[in-house]
Every structure is written in structure tokens, then in C-alpha cells.
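Presented below are the structures under discussion, each in the form of C-alpha cells.
The following pair of complexes shares a single chain, chain A, combined with chain B in the former and chain C in the latter.
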Partner chain A sequence: MIDFHFDEEQQLIHETVTSFAAEQVRPAAHDAEESRTIPQSLVDQAWELGLIQGTIPEAYGGYAQEPSSAVSGAIVAEALAEGDLAIALHLLSPRLVVDPVLRLGSEEQKQELLPLYCGEKFCAGSAAVLEPSWDFSFANVGTTAKRNGGDYVLDGTKCFVPLASSAARMVVYAQDEQGVLGAFVVDTGTPGLEVGEREKNLGLNGLETFEVTLSDCRVPATRRLGSDATGMLRRSRIALSAMAVGVAKASLAYAIDYAKEREAFGVKIAQKQSIAFMLADMATETDAAQLLNWEAAWKTDQGEDAAREVALARYYVNDAVLKVADNGLQVLGGHGFVRDHPVELWLRNARGFAMFEGAASV
Partner chain B sequence: MKILVTAKRVPDPESTIKVNSSGDGIEEAGIKWVVNPFDEIAIEEALRVKEAQGDAEVVVVSIGPSEAQEQLRTGLAMGADRAILVTGENLDTSAVAKILVKIVEKESPDIVITGKQAIDDDSNEVGQMTAQLLGWPQATFISELKIADDKSSAECTREVDGGMETISVPLPALITADLRLNEPRYASLPGIMKARKKPLEQIEAASLGVDTTPKIVIKSMAPPPAREAGRIVESVDELVTALQSEAKVL
Partner chain C sequence: MDFSLSEEAQKRIAMSRMAAEAMMRPISRQFDEEEHTDPWDFFNAMWEVSKGNQQAAESFTGSKKDKKSGPSERTLLACMQIEELAWGDAGLYLSIPNPGLGGAAIQAVGTPEQKQRFLGNFYDDKPRWGAMAITEPHFGSDSKQVATTAVRDGDEWVLNGTKIFCTAGERALVKSDGFVVVWATLDKSRGRAAIKPFIVPAGTPGVEISKVEDKHGIRASDTAVIQLDDARIPADNILGKEEIVEKGTSGFKGVMATFDSTRPIVAASGIGVARAALELVKETLAEAGIEIRYEAHPKQMTVLEKEVIDMEAQLQAARLLTYKACNMMDRGERNSREASMAKANAGAAVTHITQKCVELLGPLGYSRKLLLEKWMRDAKITDIYEGTQQINQLIIARSILGYSSSELN
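Moving on, here comes the complex of A and B:
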């Protein structure tokens, strides 16, 4: 009944992404955070891995042989984020458009949009989900979409919109007049869509995020994807939880290595019970978070309603990653507080997970 | 043009190796298995030759346990066209070379590229033995490969003590890859997905009609003795005295 082995394809994907994350992403993480940019050469190199094209069926220019699985998606997201979260979010940003189009889009929409993300070069994508209001939740999206002839008119303010200045289009989530959550593919040049100044965040400084204002922004009705987009956000939450697990894994591994190296009072600190207990707690939290999220992903792939599992995983993972990253910093003691070690970055990044989809998103 | 490359299944170089309880091999439980890193370089070079030549086929071969299928899939995911797995147990380098000869005779490639050595037993023998048994020219420890325009020969740069040596070998030839030949690519997701549909032929070593009785038997295996902790001396004189009287190296 239960099997935690990757299949052969997942195993290969895991190996490729893990190696890429360790050899290319992690070494670039510190500079990306400090300089607030991600090198284009790294983005180009990642594009060749086909992380996006591999989820798009052949009929639309990609390589996928079968519908992309949430488990495989979680494996990729987790492994990349173990390298660096900001870079992982940047590299996977095209999925913010590709996934909703794949899941909700009509045949015409797929034909039109998907091939744009199968080209030779990285094609940034974006999604406008969050809003800067105290009572934001998916059941209560403030941005409105009013039908007007052949168009929808979008109004509202969005924040934490990644790559809004470089992506050619973004998926805007807004509530229609019937109170249904709709997903709209909006070109960033559309009149009425204004990309504000780049946000300054606690962590994730390599990733460009912006406030986006929509005022009287007219989008053809043909750009609405399906009708109810709630299920879509459930899938993106699995990917987000997977990334949090990746950050926790990075922190745990770094703390273990450090504890085995660092000596105090004549022994390696890993042999001190206070440290060993902390590492054991971190490992338990990390595995528990991973298993909860895998269950949510697995259930989604079975075509079952995974609302409960996804919510439990998000709730648990948010706390777990913060606790693990915090302990990871503590294991390094004073060294953890300086920016030469990545643990403080992981703690700052971990804090973001509780924010990404709205505080009350469960 | 046809290129044959090897992909040995070896423990991940990052793994912690322990001697097993019977003392004649390593503890295999919990070990992650990978393509021998030098073979990975060989595969990469074969793919680069293919990309440069346009019309070429890359066949990747592994000789070992049936689990070596995983390593062949890695080769296919990187871009090789098809794979051959020869299954057998307890095969030493001489047996592997003899099996490889049979596969080469069957496939008649223009070039065989192997890693210069496998990182598990570090024998550095299979390439040389295979070339010898085939009566083929060989170029070992290659750091650069150039195929002539008429495809009749290959110019190979070898890393030798104190410098570089460039030699020309007529094709067909056997080449062994050194570390600096290239940097292997990552298997892409599209490559991984395509790999599933590529042919993987399985052959039992016993069916090839070669004598695979091992010439080398591992009697026992032991970890190297643990290094003793160093000592900080007060002066150069004390160091010299210690090196003379205790370490007896001066």
C-alpha cells in the first residue's frame, strides 16, 4: 500500500536537479542575495535542463509524455530550493503561467500560450496572487473582475508579484461578479496594469518582486482560464511546501556538517547532547514535513480531493521550516549570525513561507 | 559513425565506504550508485563527437549487475541512442575486457571511449586490455580529442608527466578519458523522458562464450589504519630531533 521509492524517471530527475542545485545554484546563492540579481548565465544553464518544457506536452512544443505529476513537481521544487530559494523561485517562475494554462486552459489557450514557454531561451512567468490587505485570503480576494462586453475589467492591488517587470505576461487572480475566483492571463504591457517599484524584502533578495496595480485594466474574456481557479492554487501550494522542505533540508545538512567539524571543550559539538538533540529535532521536523507534503502530492496525483492534506502540509511545513532554520543557525552559534554562512539567509527566507500565500491562506 | 562508450556502476564518490562484515568487500547497504565519473566524461565526449559529426550513433555499454540498468538510463538520458547491458557476477578486469571485445566485434564501432579508470577499484586496465585483445590502436588519458575531417583518424592530446603529448591514431581506435577532457552535461528532463523509449538490450555474460573465470580474487579488504593525531613542537630543533629519532625519516 505504501511505497516511498522514486520511480526510475523520478530518480533521474532527482539526481539531475540535486546535482545542479548543489554544483551551480548553491555557489551562486550568496552573491545573488547580496547583489539582488541572479546571473543570466545560471538562468540560461537551468533552462537547458528543461524543467519547464518537461511539463508541457509534445503537442504544445514541450516534451512531457504524460500529465505532469504533483509528486515529480515536488521533487524538483524541493531539490532546487535546497540549492537556493530565490533562485529556485526565479527558475520555476514560468510555471506560474504554464501550470494554470495546462490545468484550466482551453485547447485554444494552450495552443496560443504554451509554445511561448518552450523556446530556446528562458521565458519568465509571473502570478499576481497576494494583496496588501489585512484580511486577504483566497476566499476573499479583493481584486475584482467585472464583465464588460467581450472583456473583463480588472481592478485591485497585488503585492509580492515576482518578475513582474521582466515577464511578458502574468496570471492575475481576481474575483468575478458571481464571487468565483478567476485566473486571467494578462500581458504586462496592458493599459491599466502598472508595475510599481521593486519591493525590499526580509529575505529572497535575489528574487525581484513588485507591487502591481490594476486600474480599469481590460482583458479579453478569452484570457480567462477555466472558471474556478481555486484548485489551481492548491497545486501551487504543494510546490511551495516542497520548497520549504528543501530549505529545511539545506539547513539540516549544513548544521550536521558544521557540528561534526566544530570542536568545543575538546570534542566535536555534535557529540554534545544539547546539539545532538537539536539536530535530531531538526531531522524529525524535516522528514515529517516532507512526508505530509508528499502525501498531499500523491493524493493529488490520484485525482482525489487533497484539500485537507494540502492544508495540513502547508500549516505544518511553515512552522517546521522556521524551526529547523532557526535551530540550524543556533547550531552554528555566533558563526550562524554572520552572513558568511548561509544559515541566516535560510532563516530569513524561511520566514517568508508563512507570507507567500497570505497569512490566513489555510 | 558509431561510438561505443562504457558506463560502469560504482559507488558515489561522496559515499562513506565501509568494509563488510566478511572482510572481502564493501558494505553495499545504503550506498548510492552512480556512473563512474570518468565514464561520464567518456559519454559526454561521445555526445560531443556526435553533435559535431551530425550523423553518428552513441551506444552505451555496462558490464555488471542487472541494477546497472540505472546507470545506462543515465547515459541514455544524457543523450546516448541505445544501451547494452551485459549481466554477470564476479567479473574482474580481464573478464570485463574480454566481454567488451565481444560487444565491440558485434557492434563494430569507429571509436570506443572508456573512462581511464573506474573510481571503485582504480585498476586502470580495461581500456588497455580491450585495445590489446582487439589489436586496435589506443590513446589513453586523453584531455582533448579531434576527429579528422575524413574520419580516418583521431588526434588525441594525452596528459603525460611534465606536459602534453599529441598523438594521432587511425580509426577504429580505443580512447580512455581523463578528467580534463570535458565537463559532463546534466541529463535534461526532456532527455530523461526520451530515455524511457530508447532500446536497452540485455545480454548474459555466460552467453558470449568467453572464459570469465577471475584471475584476480580479493582475499581480504581492510580500511587504512587511522591516522594518529599530530603534535605541536616548541622549536625547529625539537622537530628535527623527532624526525630523526622517532619518525626516522631524516
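Moving on, here comes the complex of A and C:
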């Protein structure tokens, strides 16, 4: 029966992560963006919430009782991103390795790799997905993987690879000789894998990202994960959409507070219909985006084919987050353009979801 | 969290879908073209269905006192059924003989005696209608401007004024033995607190239908102008108390609260119409061998694919907002904000979708050979009645800002 209320466990996850995001993440967001670093103490604190370990089954060192749920993942991602998107992406980076291994890995691969992400301390993960090309998509991957004896040889250039300098390994996506998209777990020290300069981007500057070049980079065939990445892509799509909803919620709430404080023509600007209606539409679209994404997540958890739901949510959410973030800035007027307020950062961050698109389409 | 349809929901959707296909679609064009005529075969058939449902509901509540009272999905089920019926034909759906909004008002604030008198034996031999009359020529959403007067004269109320935009008004008062709930003021100088709903039954002297509107869409549904000239009704036909209480909740406010359930219903009816239009477009594209690649990269999609996905996303967004408003109502939670969100969003979405669908089918879309152009006309009312999009934005804004109507108007 249709019901949009959280169950007890979901409620607990929601409350825990939401208060962590409000108390720890949001206060660190501005400095993280400006200084281009995320404090280690924050990362350590977040690790103790068990957001990663909780998705890994007990057999591999984690403490997940059930297969990880896309709905729970969406709740976590949304709440963290409402605090700050760059910090959320950093904290959830281990999932860039954990999720593909869980979904596509063999038993041996799971035994070998998953326990590494269940330790005492945060263990950064990374994925080399995007490529520096305007029309990059998973249907159009330039990085190649050629079989050579017991190895694959990887060649190509990747960009926006998060935490490449600190992660011990990353999942590299490359096309094999049959034209199939493969996922390879590559240690960052592997000869032929070169981590370039740290990138500077429109937003998300708290998150360290790098260009990564692969030239004649040899990876044992045993490090290739299973081939059908579609289901995993949908899950990552859901997590990204959830983060977009979080960004929209942040922007909406900030704009509401500001509009109730700021006066013009003798009244609070929120008392003007032009502002009030903008806020009403932002609230409605944020709600709608959240519901569409929850539906996609729920259907995925039921083991049903959620291709259409995931696509509809993605389409709506991408549009909504940009519009809401843009209007959030607009409500603050000139003050929104000044970096003392976070709304302009949320607009820059919101634009990033279109770039991730290339990593979620097939 | 659960997005699955209950068995009951699946059953009701299937039944409504059957009625829509078998009884509504075949006569859809006819009663759009022949405005102001009445599809009596359809009315009689629906009347028998409603009567059967009513009896079944009564025997059910009579036998076991709702022992396994799981969470209710009453409003949700209503919305799902209405989406199907409006998919069949929105004008005909609005014409189905039932107690309507007037009945909802009696249900919400009526005394047990009033409920018995007007709703107890409602489903009698012949179809009848209940209706609600609020709007007057000089106001719409600003409902505290009610100028129709009610004056007590012995055992009676005497009503004078003009009501417009009364859905099913003619069928309630002239074409059947129904009733209209009329809003009138006891004292214009006392504003909202003095406005009370009165039940005006068919056959009341001094009541006349002076006009039935010619409309853009939903033409099968009658929209009446009601003239009240010294119309006399029994003293106990007032809904709520006779006293003018400034902060009272029995009359005006009580009936306003019915919007919390009727707005999602309006949203659902619009969603049904837009779904019909979108389905037709997708079928037409499929026949031409065009498939929608949902998972393609946006840069690789055709404009047509993007348009279709955009419409589907908007429609599903509106539907989920509607379900959410229903879900909250069924759980006994306050849902005014969500009801307005559903209504404002659906109104805009279905208007856009149906207009876009006409565009996409070119000359076919514009022709009256297909129902598509009719659906575009039928959808537009979703954006208007039960509070325009703008009134609902105002309600949402007040809610999220924590403002009263005097702080944001």
C-alpha cells in the first residue's frame, strides 16, 4: 500500500545523518570550498557513523544485515548533501569501489577488497569514469582495455577522478576489444597510471579531483569486475539524484529564512507574492523531485526493472535542482552573488549534476 | 516507505478503467459536441453502480465494526479511481450523479439529522446530484466577499443573491431531486465569520437556473448560474451554528477544510486527462517505429524523446505529489500544504502536457477527429477550479513561511 512515511530504521538513518550534516558538515562547508580541503577530523567523525561499513555484509567485515538498500542510500546521500555536496562526495567516496565490487565482483574479489573498507579509519575510494570530452558518455568511452595474456592493458585519459592522490585504488571504466564496458580495480601505484595536477572546477572545490592518465597500464585480468554494469549505474544515478534533492532542500531553506528577514518597501520580501510564489514553486518541485527519486529507489530495492523510473527521476531532478538553486540565489539578490552566503556555491555545485550525467547514461 | 498498489487499489483501478473504456470513451465526443444535453443512459448505469457500492459499504460496516483497522487509504483510492474515470472523460466524470461537493460539506460539518435527511437515502430510485455554490459574479477566490444574504424569518431562511460557476447546479435543482449547498452571509459587515452554508433542495420556490455556461472544455458537465429571489428553506437547513463567532470553525472554516481532500481529487482528474493525451502520443510514435530511449545520454536523445520523457516525468511528479497529499490525509495528518502543492503542480503540468501533445501530433492533434484537442480543453480547468494555481501558490507560500493570510496576501 502506498505510503511515503519512513519506517523506523529509515527514520533513524534520516535523523542521524541529518543532524550530523547540520551540526558538522554545514559549518565546515564554506571553508572547505575556499581552502580546497576537508578537515580530517570531520572525515574521521563521519567514518564512525558507519555509512560505508553499514552497506557491506558481515561476511566481508561490515555490518549490513541485509543487502544494501537504494532507499537507505538515498536517504543518506540526500541528508549529507544538504550539508554540503563536496563533503558528501568525499565521505561517500569509498562507495565508488565498494558498490561495484558488491554488485559486480566475484566471491574472491569481495573477500579481498571489501574488508579494506571496514577498518578503523576512513579509507578513501575513487573511480575514473569521466573523460575530458564534451560529449562523454558511457556509450562513448575513449579509454580502452586490451587483453594481453593474463592482463588487461589500459590506455586513456580520465578526469574528475576524486581523491586519486590519497585513495589506494580506483575503479577504472574502459571499453574492451568487444566494445563492452569493463570495470577494473586498479591500484593507484600501478605503473602507467599517472595522477596529474589537482583540478580546479566551477564548484565542488572542497573535493580533491584529478586528471588521471593511463598509458600501457597493466592490470591483472582478475581485477576485472563482472560485465553488466547497468544495475549499478542505476543505483549510482539514484544516489546522485538524492544528493541533488539535498542541494535543492538546502537552497530552499536558506532562501526562506533570508526572505523572512530581509525588508524592502516596508515589509519582509517574503510578503511579496513575486518572492513568495517563487519559494512555493521551489518547495513543490523539491518535494516532487524527492518523491520521484524515492520511487526509483524503492522499485530498485524490489528487484524490479526500474529503468524508466530512474530515468524520469534523473530528468526531473537535474532540472529541478538547477532551477531551485538558481532561484535560491535570486531571492537573495546581490547578496546571493557574494560568497559570504552559500547560495552561489549551491548553484555552482548544482551545475555539476549535468556532468555526472555522462557517468550514468548508457 | 512503500510504492506498491494494494490489492484493493488494483481492483478499484481496474473497475474504474473498465467503466471509462466501456461507458465513457464511446460517448465522449458526442457530449462534448452536444453541450447541455444529458447522457441519461450513462447516468442511470453509474447510478446503479453507486447504489450497489453504497449497499455493499453499508452491509460491510454493519456486519463487522472495522476490526482490523489497518491504515486507511480512502482518499488515495478515490484519487486513483478518479484518475481512471477522467482518463475516460473528465466532463462525464464530473457529471456522475452523486452528492458532490455539497455532500462533502454536509458530511464535514452537518448534524447527524442533516446527514440522515440529505445523504441517508440519497441513492434512491432515480439519479440525483448534490452541488456547491460559492462563487458570485463579483468574486472568485476572495470568498469572504459573499454578498448573497440569508435572513431568518420564523421557521425559515430567506436567501437572496446570484451564484455562478455551480458545477451540476442544473442537474441538482432542475433535472433531479437533489440539493445545492449555497454560501450566504448573515451580516455582510461581519466578514468571514458571518458566512454560512445553507442546504437548498430542488423544488425550493424562488430558485431559478438563469443560465448554463458555454465552456472551453468539460462540456458534458453543467455549470450553472443560480438566481435566488426570496428563496425560502427550512430553518434547520443551515450547516453549522447560527451564531456569528469570530474564531469559529463550524461553518466557513469547516467547509474550507474540505479543500484538503478535494484539491488532490482535482489534481487526480487532471492527471487522468493528461495521461490520456500522453498515451495517445506515445502510441502514435510507437506505430511510427519511434521508441523512447529512457537511459540514453540527453545529448544523444532526439527532441521528441526529450519532450516525451519531460512530460512523463512531470506527470509522475504530479501524481506522486497527489498521492502524498492523500496519504497524509488518510493518516489523519494536516495536509493543506501538500494538497495545494498537488493541485498547483498538477494544474500547471496537465495544462502544459496536453497543449504540448496537440503540438506534437500536428494537424492530427488539432483536428476534432481525435479526442486530443478535447483533452487539451478539458485539462485547462484543472488549473482553475478549487482554487487557481495562484491561490494554491499563496497557500503553499503561507505554509512554508509560517505566515497568516494577513501577513501574505
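Quick note on the criterion: the second predicted complex is superposed on the first by the 355 of 362 C-alpha atoms of A that agree within 3 Å, B and C clash if a C-alpha of one lies under 4 Å from a C-alpha of the other, contacts with A are read in each partner's own complex, and residues count from 1 in each chain.
By definition in this document, a contact is a pair of C-beta atoms (placed from the backbone, for glycine too) under 8 Å apart; a residue touches a chain by one contact, two chains touch by 3 or more.
Here the structure is a predicted model, which means the values were calculated and not measured.
**Student:** Classify the contacts of A:8 with the two partner chains as first (chain B alone), second (chain C alone), both, or neither.
**Tutor:** first
**Student:** With both complexes overlaid on chain A, does A:279 touch chain B (first), chain C (second), both or neither?
**Tutor:** A:279 contacts chain C only, not chain B.
**Student:** On chain A, which partner touches more residues: chain B or chain C?
**Tutor:** C
**Student:** A:54 contacts which: chain B (first), chain C (second), both, neither?
**Tutor:** Only chain B is touched by A:54; chain C is not.
**Student:** Does chain B (first) or chain C (second) touch A:19, or do both, or does neither?
**Tutor:** The answer is first: A:19 touches chain B but not chain C.
**Student:** So in the superposed three-chain picture, is A:65 touching just chain B, just chain C, both, or none of them (first/second/both/neither)?
**Tutor:** first
**Student:** Which of the two partners, first being chain B and second being chain C, lies in contact with A:312: first, second, both, or neither?
**Tutor:** second
**Student:** Find the residues of chain A that appear in the contact set with chain B and again in the contact set with chain C.
**Tutor:** none
**Student:** Which stretch or stretches of chain A touch chain B in the complex?
**Tutor:** My answer: residues 8-9, 11-13, 15-16, 19-20, 48-51, 53-54, 62-65.
**Student:** Which stretch or stretches of chain A touch chain C in the complex?
**Tutor:** It comes out as residues 1-7, 10, 71, 135, 137-140, 230, 256, 259-260, 270-271, 273, 276-277, 279-281, 283-285, 287-289, 291-292, 294-295, 298-299, 302, 307-308, 310-313, 315-316, 357-358, 361-362.
**Student:** Okay, in this complex, where on chain C does chain A touch?
**Tutor:** Contact set of chain C toward chain A: 1-6, 9, 71, 73, 76, 294-300, 309-310, 312-314, 316-318, 320-321, 323-324, 327, 331, 338, 341, 344-345, 390, 393-394, 396-398, 400-403, 407-408.
**Student:** In the complex formed with chain A, which residues of chain B make contact?
**Tutor:** For chain B paired with chain A, touching residues are 34, 70, 73-74, 77, 186-196.
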